[in-house]
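Both of the next two complexes hold chain A, though its partner changes from chain B to chain C.
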Partner chain A sequence: MAVDPKVMEQNLTVHVLPAALEIGKLLLVVSLLVLFIVGFVKLNYKMWKSAFYMPLMVALSTLIAFGLHMVKADYSMIAFLSLFPILIGAFFKYALKGNYQSPILFAAPAVFGVFLLFIYPLTFNFYLAFTKLNLKTLSMWIETGTIEFVGFKNFVNVFTRGSEVEETFWAIFARTVAWTGINIIFHFFFGMILALFMHTKIRFVSFYRTLITIPWAAPGLVLVLAWRGEFHSSYGFVNQLISMFMQLFNCTQQNGCYSPIEWWTNPIALFASICIVNVWLGVPFYAVNILSGLQSIPMSYYEAASIDGASRWQKFTKITVPLLKPVVVPAMILDMIWTFNNVMVVYLMTAQRGGSQGADILVSDLYKQAFTFTRYSFAAAYAIVLFIILGAMSFVWLKVSKVGESPASR
Partner chain B sequence: MSILQKVSLPRAIITHIALWIACVIAVFPFLRVVTISLRPGNNLFSTSFSLIPPEATLENYYRLFTERQFFQWVFNSFVITSTTAILGVVLASTAAYAFSRYKFPGRMAGLSFLLMTQMIPGTMLILPQYLIMAKTNMLDTYMGLIIAYSVGTLPFSVWVLKGYFDTIPRSLEEAAFVDGCSEMQAFYKIVLPLSKPALAIVFLFNFMSSWNEVLVAYTVLGKPEMKTWPLGLMELQAGFNVAWGQFAAGSVLISIPTILLFFVSSKYMMSGLTLGAVKG
Partner chain C sequence: MKRSSFTSNLRNLTFAALALISTGCTKGCSTNNATTSTTENKNSDVASSTPASAGQIQIQMWDNEDPEPAKQLDIWMLQFMANNPDIKIVRTTYQTEDLRQKFITTATAGKAAEIVFGPSDMVGPLATANLLQPVDAFADVNSFVPAAMDAVKLSGKTWGVPMSYGNHLMLMFNKAMVKTAPKTTDELISIAKTLTKPDQKTYGFVMNNNEPFWYVPMLGAFGGWPLSVDAAGKATITLDTPENKKALAFLKSLKFEHHILPNECDYDCARGLFIEKKAGMIVNGDWFVDEARKALGNNLGIAPLPVVSATGKPMTPMVSGRYFFINRHVTGPTADAVKKWVAFLTSKPIQVELATKLGRIPASQEAHKDPTVAGNETIKSLIDTAANGRAMPPQLEMRAAWDGMRPVQQKVMTDKLSPEQGATEMQTVANERLKGLNE
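What follows is the complex of A and B.
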């Protein structure tokens, strides 16, 4: 408890002023931008008929390109931003033709902002994938805006990497598929069981439901890091439970009957532990969704089936399952995308002390390539490959789930 | 729920037992965090299973407050998160109104573009965002992080608000136009006040998603006094001297309001959505 009073006071004070200044600055910038956009749109509505309109926009483009070049901006940024006035000009001249002023004014600030902040990073990522940017070339790029161009080398590297210390792309890919499959199956299985249990007329169901939702409600970081501690080989409760269980069979560490699992360092155990944590985190989402799906099925369907002499199993497969499909399929597609993209759980479970090799999935490996190993261009190419995989996967899933859709729903 | 059949006693008992086990599994890791936070000294190193340790103290909480900049972390998170949420609501509401009420060239393109932003994995954006911020000197600022979060929250807000505005009858605004309202006035005098529940939901949702965000913050923020609470807690867990007790104390303090907020917002979510449906 011997904390230096000065340090203590420093830790107890909250620096409000810098934050207030910066937020003030941000709000000022945003409101100026909104005013600018509104003014610009109005100006365009006045100008679009004039003969000088398009030439003026082209001139504006050149001006932006020149200005950005002077401040040593990146080539991709120059190309991206200088195209804007020409595109806007074409839109006003050939699509709007002076109509629709109010909706354009209403929508412009948000859409334009998101477009800029979303499409530009993607464009930049694409550009980056064909260059050679790493920690060595970073400062040069920041100062001068130039990077060496290397063509498709980074993409080739994504597929050909792999050595004694580094896993191949396909090994990680296979693990990711296993990870996604395991998680979805267990999420669905346990979620379904819990939902069926909660869908009965007993007391305290809402109390149970609240407690069961805790893994969904509490901050993920806290839970993942807490779980990570509980997988400690001698002090975590997981291994303690296992040893208590083993003692029932007169089997302890002392008599050499078994040795505790090293969850943190053994890659397979580490991967298993990550799966356990993520399954635990994801079950409540399914349980709540399936429960609300179950509650929306009218009881009269079951009564009618009983009159016709249907067994419980028949009622389940012929009524419950088909009517739950519209709830379960979207939840599964969402879950597939979330699980495939789940950097946080894997990264937090693997990144700090202990083994980091042998348990990564594609996205967490991508994150580490970018920020732990600072191979920026390589990571950019890697990200594009992942994006294509994910797009193909979602597309196939959507097709498959549509084909099987039953016409039996109301 | 009332239409369910009454279950037989043995089945009811089995159901209660199963749900009790599920609840214990769901809550146990969190209860362990509470226990560790109450243990004296800086250790997880105990093999006892009792919920409240025999020599429980609040020492870890005291040390968290005095040895770490815990309040600064929470403050940073709060500033970043609430600014993101407010910006999301304000900027999104006008855009959502345009998409809900008007037909114009580029409407479908704009809507699908906004939806597309939600489908692209966040990991793809982190690296280019980081590098752009490095180039434009925005690393280690509140601004950079708020902008990075807004890219995700704005499109979501536009979609939710558009869905809600669609349920408000047009005749209300038409009546206002007859009385001489401008389009802008009709929007903020009639549509906005009617949409309070939807605005609250969007605010809460944006708040929650940025409040719990870790990875973007982890790349963008480095300075100790800029850290948000997730980074602070991560720092306690990193390195050779893991401050388990302080980590647990911080986790408890952060989790309780977050969990409460989650339950409040999910309740709002239900009522807000049905409200909209009934009106339309």
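What follows is the complex of A and C.
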């Protein structure tokens, strides 16, 4: 039963037209959705004064609840979705009172998108954290839509986990803080050096700028996997470089003076290698940000300082650093969140499986708990804990750095 | 109770959200996007560019095939579709771990593929989560090699239709470097020592040091096994045993006493060294035969895993196969189409081609009687290598055992733990993982 090569090629080739049609369909659905939302908002602006407005919204809520009940939706889902018409009604009637029509109309589709992609999942994750969903209870959930409620047990487990063979939450948390701190410091340090270098009047500066952004612009996945290979104890260039360096001191593997570092399997070495890779990946982000900050500082400030006899160091500490703060601090907050949450580098460098726990950070451990060990509810509680930690850290950082406050209020 | 599509949509949304939130992707999402790329990296989606036409039944099949066998699978797929124009097969390839995870996540939402084509160890998690249906209605389970069926029998039901039998480890050697295959581990060590020259980056013997799947045959030769299953089918993890301590000591000795295993050698490292003719012997699975044959030609030798000299018993690889697992939501005309497709792939002509073109042991008993298969030297040697094997346990406990063994094996192989400590810790970690599965 031979297959005609032409037929085979036709079937195995990706066709552009069907893909374009799919995208077209998606755009149409999104457009209709936006129209619907805008229409709904306009309707609310027209009706909010009516005496029937709130009773109508309550009726709509009841209708949604009834509809969801008929299709056997979870009670949590019924409560969550059916409450919205009442909340929207209250918002239009008692908060907006017919004001801000244009901004609300513009913001409504985005708010809906955020609700769909962020608020609802977050709320459901919160619900899941108080239940017992795992491989064994999954079928019950599919069949009945209910999951056993376990209260704060998952949260207690997050903090009390750990044994002689499993790291505690606090050990992983300490490593995560170290990981975040090390990365931010080195990102900033090398980013600043590179930005200052690129801010000077040297030849081919545009070329250097392009070159430096490669780690940031290239696909992270490829770069991390390439780096992982370079940390192989026998074949990676890192150990070969160390070996060559050691030979300068007559220190070789043969005379027993030196043994190759096992980057992949020694947890401390693995953690160090992950930090090196992530520092390398993150420096361009700072370099580009700091460079844009440097370019926005008027030269007249430096000229005035020169007239006053300021040294280069004084210009740097009294003019450059303070004026870079509005650029650097938000970059650092973003970097802190990204680094704290950086599952990709850690996951790929630790070979993606359940091994090498000694180099895990909270978020990579969370990923493994959820998707390798299938502890869904435990992972949901874990995610909330991480969310709270990150929120608190960002809040404290913003307060300490006083970014966002007007100069007059400082 | 059948769920409506609306509820399914909501559940789908929910699980997508869970994936999003659980990976901590609350802002920025740069990391998570990249992780998604990891998952999709090895994916290939075949025949998905054209939507099913009106009246056509579309069957999604997800697999974890390597690129070369996947090409043959595509040819069979096109042959089938040419003869069954009312059925459209869409095949997507994932990495093994991603395949399991993605199926669990999407099947919960009622949106997963109709068929998962993969190894037998998917049975435990997928059947426990009630995402599969027994396959008795899809194929005559008595028409297959009985040993192939043992790996997918759980709770008195059969959960997979086998395409091939094996998926097991064997010893492959480069005849240009190793004249005859070692029969015992003493012989293997002796040959490997003469070939191992780390300064020239050549080795006598390589294997994936980090994965317990490669270690289990040694455990079997020392009389141990990760699970013990009683008559009632209740499985117990058995890793803190004298047999495991001895087997771990043997594995460790290959690296630290005999110095024949390269440092940090994972699957890709071992594979690369053998393909580049820098390693004389490798322990690898039947899926690697085709690739090794292309690289080494007639110099490729295949032999059963050797007898462990200390015990006089042969190493016992885990034997399973590659199976079709059917989504529990598959019913009606789609089920009929799935049945046709599975029947096509397990039919004698295709099973014979599986043996002759891909070098895999067919699961169909009828195909074994075919002279082309019976006289095929590669297939004969593969059957020989599977003779000492034991069926891979399908129980969920095996999943916990793998997760318990993997990190500890790495610790033993980096000399962080003694074999005695390793065996005890394997048991403890596996018990913790099992406990975690119930939380």
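Everything below uses one rule, namely that the second predicted complex is superposed on the first by the 293 of 410 C-alpha atoms of A that agree within 3 Å, B and C clash if a C-alpha of one lies under 4 Å from a C-alpha of the other, contacts with A are read in each partner's own complex, and residues count from 1 in each chain.
Quick note on the criterion: contacts are C-beta pairs under 8 Å (C-beta built on N, C-alpha and C of every residue); 3 or more make two chains touch, one makes a residue touch a chain.
Predicted model only: the values in this text are computed from it and were never measured.
Undergrad: I'd like to know which partner A:344 touches here: chain B for first, chain C for second, both or neither.
TA: Touch partners of A:344: chain B and chain C.
Undergrad: Just to be sure I read the superposition right, which of the two partners does A:19 touch: chain B = first, chain C = second, or both, or neither?
TA: The answer is both, since A:19 touches chain B and chain C.
Undergrad: With the two structures laid over each other on chain A, which partner does A:142 touch: chain B (first), chain C (second), both, or neither?
TA: A:142 contacts both chain B and chain C.
Undergrad: Of the two partner chains, chain B (first) and chain C (second), which one does A:254 touch, if any: first, second, both, or neither?
TA: So A:254 only meets chain C here.
Undergrad: Once the shared chain is lined up, is A:398 touching chain B (first), chain C (second), both, or neither of them?
TA: neither
Undergrad: Should A:124 be classified as contacting the first partner (chain B), the second (chain C), both, or neither?
TA: both
Undergrad: If you stack the two complexes on chain A, which partner ends up touching A:366: first (chain B), second (chain C), both, or neither?
TA: Both partners, chain B and chain C.
Undergrad: Return first, second, both or neither, reflecting whether A:265 touches chain B, chain C, both chains, or no partner chain.
TA: second
Undergrad: In the overlay, answer first, second, both or neither for which of chain B and chain C A:304 touches.
TA: neither
Undergrad: Across the two complexes, find the residues of chain A that touch chain B and also touch chain C.
TA: 1, 3, 7-8, 11-15, 19, 117-118, 120-122, 124-125, 128, 138, 141-142, 219-221, 232, 235, 337, 341, 343-344, 347-348, 352, 363, 366-367, 370-371, 376, 379-380, 383, 386-387, 390
Undergrad: If we count contacts the way the header does, which residues on chain B are in touch with chain A in the complex?
TA: Against chain A, chain B makes touches at 1, 3-7, 11-12, 15-16, 18-20, 22-23, 25-30, 32-33, 36, 44-47, 49, 59, 62-63, 65-72, 75-76, 79, 83, 87, 91-92, 94-95, 97-99, 101-102, 104-107, 110, 113-114, 117, 119-132, 134-135, 141-143, 146-147, 150-151, 154-155, 158, 183, 187, 211-212, 214-215, 219, 225, 230, 233-234, 237-238, 242, 244, 247-248, 251, 254-255, 258-259, 262-263.
Undergrad: Using the touch definition from the top, list the residues of chain A that touch chain C in their complex.
TA: The contact residues of chain A facing chain C are 1, 3, 7-8, 11-15, 18-19, 71-73, 77, 116-118, 120-122, 124-125, 128, 132, 134-136, 138-139, 141-145, 154, 157, 163-166, 219-221, 232-235, 253-254, 260, 262-266, 334, 337-338, 341-345, 347-348, 351-357, 362-363, 366-367, 369-380, 382-383, 386-387, 390.
Undergrad: If you look only at chain C, which of its residues touch chain A in the complex?
TA: Those residues of chain C that touch chain A are 1, 3-4, 6-7, 10, 13-14, 16-28, 30-32, 34-35, 37-38, 41, 46-47, 49-51, 74-75, 78-79, 81-83, 97, 101, 104, 108, 125, 128-131, 198-199, 201, 210, 262-264, 266, 269, 349, 396, 403, 406-408, 410, 413-414, 425, 428-429, 432-433, 436-439.
Undergrad: If we count contacts the way the header does, which residues on chain A are in touch with chain B in the complex?
TA: Interface residues on chain A, with respect to chain B: 1, 3, 7-8, 10-16, 19, 22-23, 25-27, 30, 34, 74, 91, 95-96, 99-100, 102-104, 106-107, 109-111, 113-115, 117-118, 120-122, 124-125, 128, 133, 138, 141-142, 193-194, 197-202, 204-205, 208, 210-223, 225-230, 232, 235, 237, 240, 280, 284, 295, 298-299, 337, 340-341, 343-344, 347-348, 352, 363, 366-367, 370-371, 376, 379-380, 383, 386-387, 390, 394.
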